[in-house]
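Below you will find the structure I want to go over with you.
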Amino acid sequence: MTLLTLRNVEASYGVSPALFGVDLSLQPGEVMALMGRNGMGKSTTVKAICRMVPTRGTLQFDGHDLSRLPSHRAARLGIGLVPEGRRCFSSLTVSQNLSAAARPGHWTFETVTKLFPRLAERRDQKAATLSGGEQQMVAIARALMTNPRLLILDEATEGLAPLVRQEIWAALTELKRSTGMSIILIDKSLGELSRICERATILERGTTVWSGAMSDVTPEISTRYIGV
Amino acid sequence: MSTILIIEQVLNGLQFGVMLFLMAAGLTLIFGVMGLINLAHGSLYMIGAFAAAAVAGLTGSFLLALFAAMAAAAMAGVLIETVVIRRLYATDHLDQVLATFALILIFSEGTRWVFGSFPLFLDIPDAVSGPVSLPGGIQYPLYRLVLIAVGLAVGLGLALLINRTRNGVQIRAGENDREMIAALGVDISRLYTLVFALGAALAGLAGALVGAIQSVQVGMGEPVLILAFVVIVIGGIGSIKGAFVGALLVGLTDTLGGIFLPELFKLFTDAATATSAGSALASMAIYILMGAVLIWRPTGLYGARA
Amino acid sequence: EGVKVGMITTLSGGGAGLGIDVRDGFMLAVKQSGRDDIEVVIEDDQRKPDIAVQLADKMIQSEKVDVMTGIIWSNLAMAVVPATVAQGKFYLSPNAGPSALAGKGCHPNYFNVAWQNDNLHEAAGAYATSAGYSNSFILAPNYPAGQDALTGYKRTFGGELAGELFTKLGQTDYAAEIAQIRASGADSVFFFLPGGMGISFLKQYADSGIDIPVVGPAFSFDQGILQAVGDAALGVVNTSQWSKDIDNPTNAAFVETFQAEYGRLPSLYASQGFDTANLLISALATASPADADAFRAALKAADFDSTRGDFAFGPNHHPIQDIYAREVIKEGDVFTNKIIGVALEDHADAYAAECKM
Amino acid sequence: MSERMVNSVVLIGLCAVPIWALLVDEPFTITLATRAVIFALAAVGLNIALGWGGLVSLGHAVFFGLGGYAMGILAHHAQTFTPVMEWPFLIEGTKSMPVIWLVAMISAGVAALVIGLLSLRTAGVYFIMITLAFGQMFYYFAISWAEYGGEDGLSIYVRNDFPGLNTLVPIHFFALCFVILCIVLFINARLIKSPFGLALNAARQVPTRVETVGMDPVRLKLVAFVISGVITGLAGALFADLNRFVSPTMFSWQMSGEIMIFVILGGVARLFGPVVGAVLFVVLEHFLGGLSNYWHIYLGLLLLIIVLFARGGIIGLLCGRGRLHD
Amino acid sequence: MTNPVLATHNLSKSFGALTATDDVTLDLRAGEIHAVIGPNGAGKSTLIAQICGGLTPDRGRIEFLGRDVTQEPTRLRARAGLGRTFQISALAMEDSVLQNVMLGALGAMGRPWQFLRPALRDNALRDRAEAALARVGLTDARAKRTAELSHGQRRQLEVAVALSLQPKAFVMDEPMAGLGSEGSRQLTGFLDSLRADAPILLVEHDMDAVFALADRISVLVYGKVIETGTVAEIRASKAVRDAYLGGEA
């Protein structure tokens, strides 16, 4: 049974359309890369899944019709989001940022700070004064604290030091192995994506133009749709 | 002026401060924590007072009147939030200003329509009326001591709610980024409605409690509105402690200014000029205080520094 | 001969009660006169001077009224009256009587049917003197009418002042003032705090346990407001040119018909509205506004039965009348006033001499 | 509908109604239109600070009132033949509008400079409240300033003079106000497209960015605040002249609020937003007033409907989002 | 050796107990790209904020074009020719792309005090802005509302605004963040060409870009410069690998 299905999804910002027909399907426990050039609709697709933009078309998560749900209900079905641009709650402290989102499960303040020791150090600092990378860590930790079944990371390693990035990739791989969590990844590093992801979906101008196994992403395809 | 009188006036100032805090408490939630500009806060205060007066008139029970005040104001709050405010979270503050200004018109005239143009009667219950003797021989109205107690209790409760509970944290997160907190699975709409209702209920409670020693009439909420904003801003938006300290400062400034400024002026000019110039300055005193505080600390005493 | 009357008064917002009473009293008299050639155009000034001015323009420019009336508040009267009479219209004031319009600023076409602002306060001072008080604490809001009030009281009060305070306009908490009063050693308190300010003051004063007697003008003890003050007002002496128990047939009929018509007891303001209309009607019986001089003379004659008994205009077109001392009593469930004496007899205002007319 | 078209319709309408009123002899309609024009002018002033500078000032009544009192005081002294002051130099009262305007604009400008300098240390809601505080200070000062009437205000019996016009004739005074409004609107239109407007607009949105390209956002906002205050001050002088009366209510926070309502109602940061807002408000106020004693309820409901369903005010409703540039 | 364009001497800055910048001395020479790398929270952005004027250092000195600018406000440094990009885009979202870039030109040309002449008709301004847009490849998007740009396009715009200042030195905080791999590659090439206009102080976590571009690299850890050297030297440093690079070297 598929965990997440998008069929012919359209979305728009006010009057300007951004998605014209996105198809995507994800099995439980799968890690998928969502790829495409800048401005092609990756983040909008993510927002569509998280019910942050109005959509048309079929969106199903675990048998539920997402398109009828408000954002918080979708999240409670088990979708955790690390949004583009971090969006930490700037006037809250690190620990408040995390506790605001917490739902019971494996991930607690203790476990996420094991992944990001820096956050424990800065636990009572307001998010607004954190460094860029620290804010990114808060955003990832916050999404984990909801203990999702599907974790969506929209450029989640942006601004992170290489060492931390490697740790996060390692943690994600471990996560997938141990808990069977599904993951959708948007990231610019094709190399790292191909190491972790099993499947890939490529967007161009708000439309799914390619999907398949990550191993099938040939240099031609990546040159054509991603530019490298 | 005798020392005992000075002490009594300081006490009056503090008491007025706590009363202001009580009046501002609901707004601290709605404006301070949720970040909504609700000009209709004074209307909620008025609704509370009118509901209390009506119920006290019918049943003779002050306690029932207080419940009625909170219930009526909370209901009005839920109505306001779900019908109007909810649609305005995404837009900027200005639409909230216009919408809640419109609400003032509707509520004020609506109340007049229901209750008529004359002030209503609402009095202190016998059990807590009359003065008591404080140490030092000060005769002090018991009811005002009750107000102080309620004010302190409300303040403490609010501080706990906002700083110690998870819902409090979520509300503040919602103020930062509503869309994001919803995407994390928090039903921020319902939470906001609840908190708004709570803020409204507090306004209603204050209206009933304070209305008992003032006049219950249409338009009674407007001065309260301005004072409540002043108190919160001096303290720093979002800080319950700040609102409390701000309220005490305003209370002291207002009370002592009104009494001592004319006396002070008498040292320089003749009595008549002093009385009128002194009290003119006294009426500006709290605004001068607010201006000075904001110039010195642009985000209030305890507000988040940028 | 018909007439068109423009009434600008406060019908919405906090002070609406007063305007509604003036209007109702006025319209009752018009109705009782049975004349259908008196057309009254009524507008709501929202208690805002600029709106009042605008409405006055409208009355004069578009409605082409002959006579204007209705304004409750002195500051609105100051905004409207000078321009109105300057344009040749008549203005009959049913309430406000600022000193500026009684003295240097008086005008042949301006008639005040209520009182000059100081009058009731002067009566309070006179009453306090006659009651044997010798040391008064006096307070009023810091604005022209408040300053006039204290001046008026001091003009007739024979004793000393234990203290004098100006409060903020719109103030609702009087704990500090009450503490001053307690400490002052006064034997009497005079206050002028119109509207909600008076209610707040009286309730808080009663709760403070001080038993120094209070005197004030009728405004805080009038029918409309008295129920809201409740027990706190019982026994307080206040001064008024009218009371519902003034013993004359006009007044008795007025109280009865007003109650029948509107289902509530008439107030001071209603009586003033009623008298204003009757003055107008009496003048119309002998002259038309088209003939300004004749009409003015007819008004000046004040040939009508006033609810307060004898009524005449002084040289500045302000009333010469008795002002009573009343005491607040409870009749069954209803708080009301009872006359206990005349504070000032045939009293005229202090500014008439300055009026060059 | 294009914004330009809506603007033209508003302008023509605003001009045509009084002319029609003149023809059918309805002088009061002209007065009403004049009132709308003057309010519009005050709101156009506020819009410069509020719309483009992002300065939500709840103290613009200060400038409106200062303009009013500049007129009131000068004319009062001219009327009573007393000098305004004799020391250190003699200043006489005057009944000449241009002189009064100049004084009104200068005093409003100076006040705006001082208030702006102090208030711009704060931002957001704090700015709203500190400007409100200044408004209240002026209000209470005016109330207790017995020399100029205190709460009663000052009456001026005859409207002031403008060379070549009989200002007491409603249409003359209307024309005067209308021309001033047009001039100010023209200046406003140029201003927002000018380099200053561009920089101000950015200073509202991203002050840090403006700084890092070498400009001082606070100074930009201050200049906008002063321009805004000057225009509102001029409107205040005209308003006082329209009523031949000034009083402290011109300083009240309700006045500030009302001016702000005009702007929001019509459309923030829209050239004609304040004009539409002021006209609509005056019309509503006038016509609803006759409906019932409780007409404020209807006014409230109408305003509410407009905020809820016309995002971006009336202009926003009619023309959608503004175009970015030519 | 010529004088450095930009230099810091013994710069220090603390937030409470935390020393975010600890005795930092580094310089930027004409024609070079000097990369500053280091773990998250090492103090890179704090350092840049001090260089550009957003934060005042507790101790130490900043020199720009041979002048001590430690106490100068941001805008004077900008006018003297310091061009900056932000880590989180700081753009006027409601304005068009072109307007955003014109802002830079406006500031650089010192022209904000013109009140009546339309900015768009000022050809000098406009040309300068268009040129900057063309260089980052946003010409087609110039009439778009900035809010409508995707994240990556905003990063490009961010660079274009700095470019329109025609600065004497660039200070860039993570310009690659959010760019796709193609975008990063393009920007890398672009920055490479930019070095001819003015030297760049570059903070970046994208090591491909840093290694491709940098003439020199300084490594900041806990506010301190632990090493400065060429690409090869830094790659070879064990300390840097442990603190920052991990396996990626």
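Worth a mention:
Note that the chains are named A, B, C, D and E in the order they appear, and that numbering of residues resets to 1 at the start of each chain.
Please note the rule applied: contacts are C-beta pairs under 8 Å (C-beta built on N, C-alpha and C of every residue); 3 or more make two chains touch, one makes a residue touch a chain.
Note that the coordinates shown come from a computational prediction; the quantities given were computed from them, not determined experimentally.
Here the chain-to-chain distance from subunit C to subunit E, counted in touching steps, is 2. Any chain bridging subunit B and subunit E, meaning touching each of them, is among A, D; the list is complete. Of all chains, the one whose Cα centroid sits at the greatest distance from that of subunit B is E.
A separation of 44 Å divides the Cα centre of subunit A from that of subunit B.
Annotation: 74 Å between the Cα-based centres of subunit A and subunit C.
If each chain is reduced to the centroid of its CA atoms, subunit B and subunit C end up 34 Å from each other. Residue numbers of subunit E whose C-beta contacts span two or more other chains: none are found. Residue positions of subunit D touching 2 or more other chains, listed in rising order: 140, 143-144, 146, 294-296.
Each of the following residues of subunit C touches two or more other chains: 12-13, 16, 20, 142, 147, 168-169. Across the whole structure, chains are in contact as follows: A-B, A-E, B-C, B-D, C-D, D-E. Remark: subunit C residues 11-13, 16, 20, 43-44, 48-50, 53-54, 57-58, 61-62, 74-75, 78-79, 82-83, 86, 98, 100, 142-145, 147, 168-169 touch subunit D in the complex.
Interface residues of subunit D facing subunit B in the complex, by the touch rule stated above, are 50, 56, 118-119, 121-123, 125-126, 129-130, 132-134, 136-137, 140-141, 143-146, 253, 257, 260-261, 264-265, 268, 294-297, 299-304, 306-308, 311.
The residues of subunit D lying in touch with subunit E in their complex are 187, 190-191, 193-199, 201-202, 205-206, 208-216, 220, 324-326. Put simply, subunit A touches subunit E in their complex at residues 13, 16, 36-40, 43, 84-85, 118, 122, 129-134, 136-137, 155, 158-167, 188-190, 226-228. Taken together, the subunit D residues at the contact with subunit C in this complex read 26-29, 31-32, 35, 140, 143-144, 146, 149-153, 155, 157, 170, 239, 243-245, 247, 249-250, 289, 293-296.
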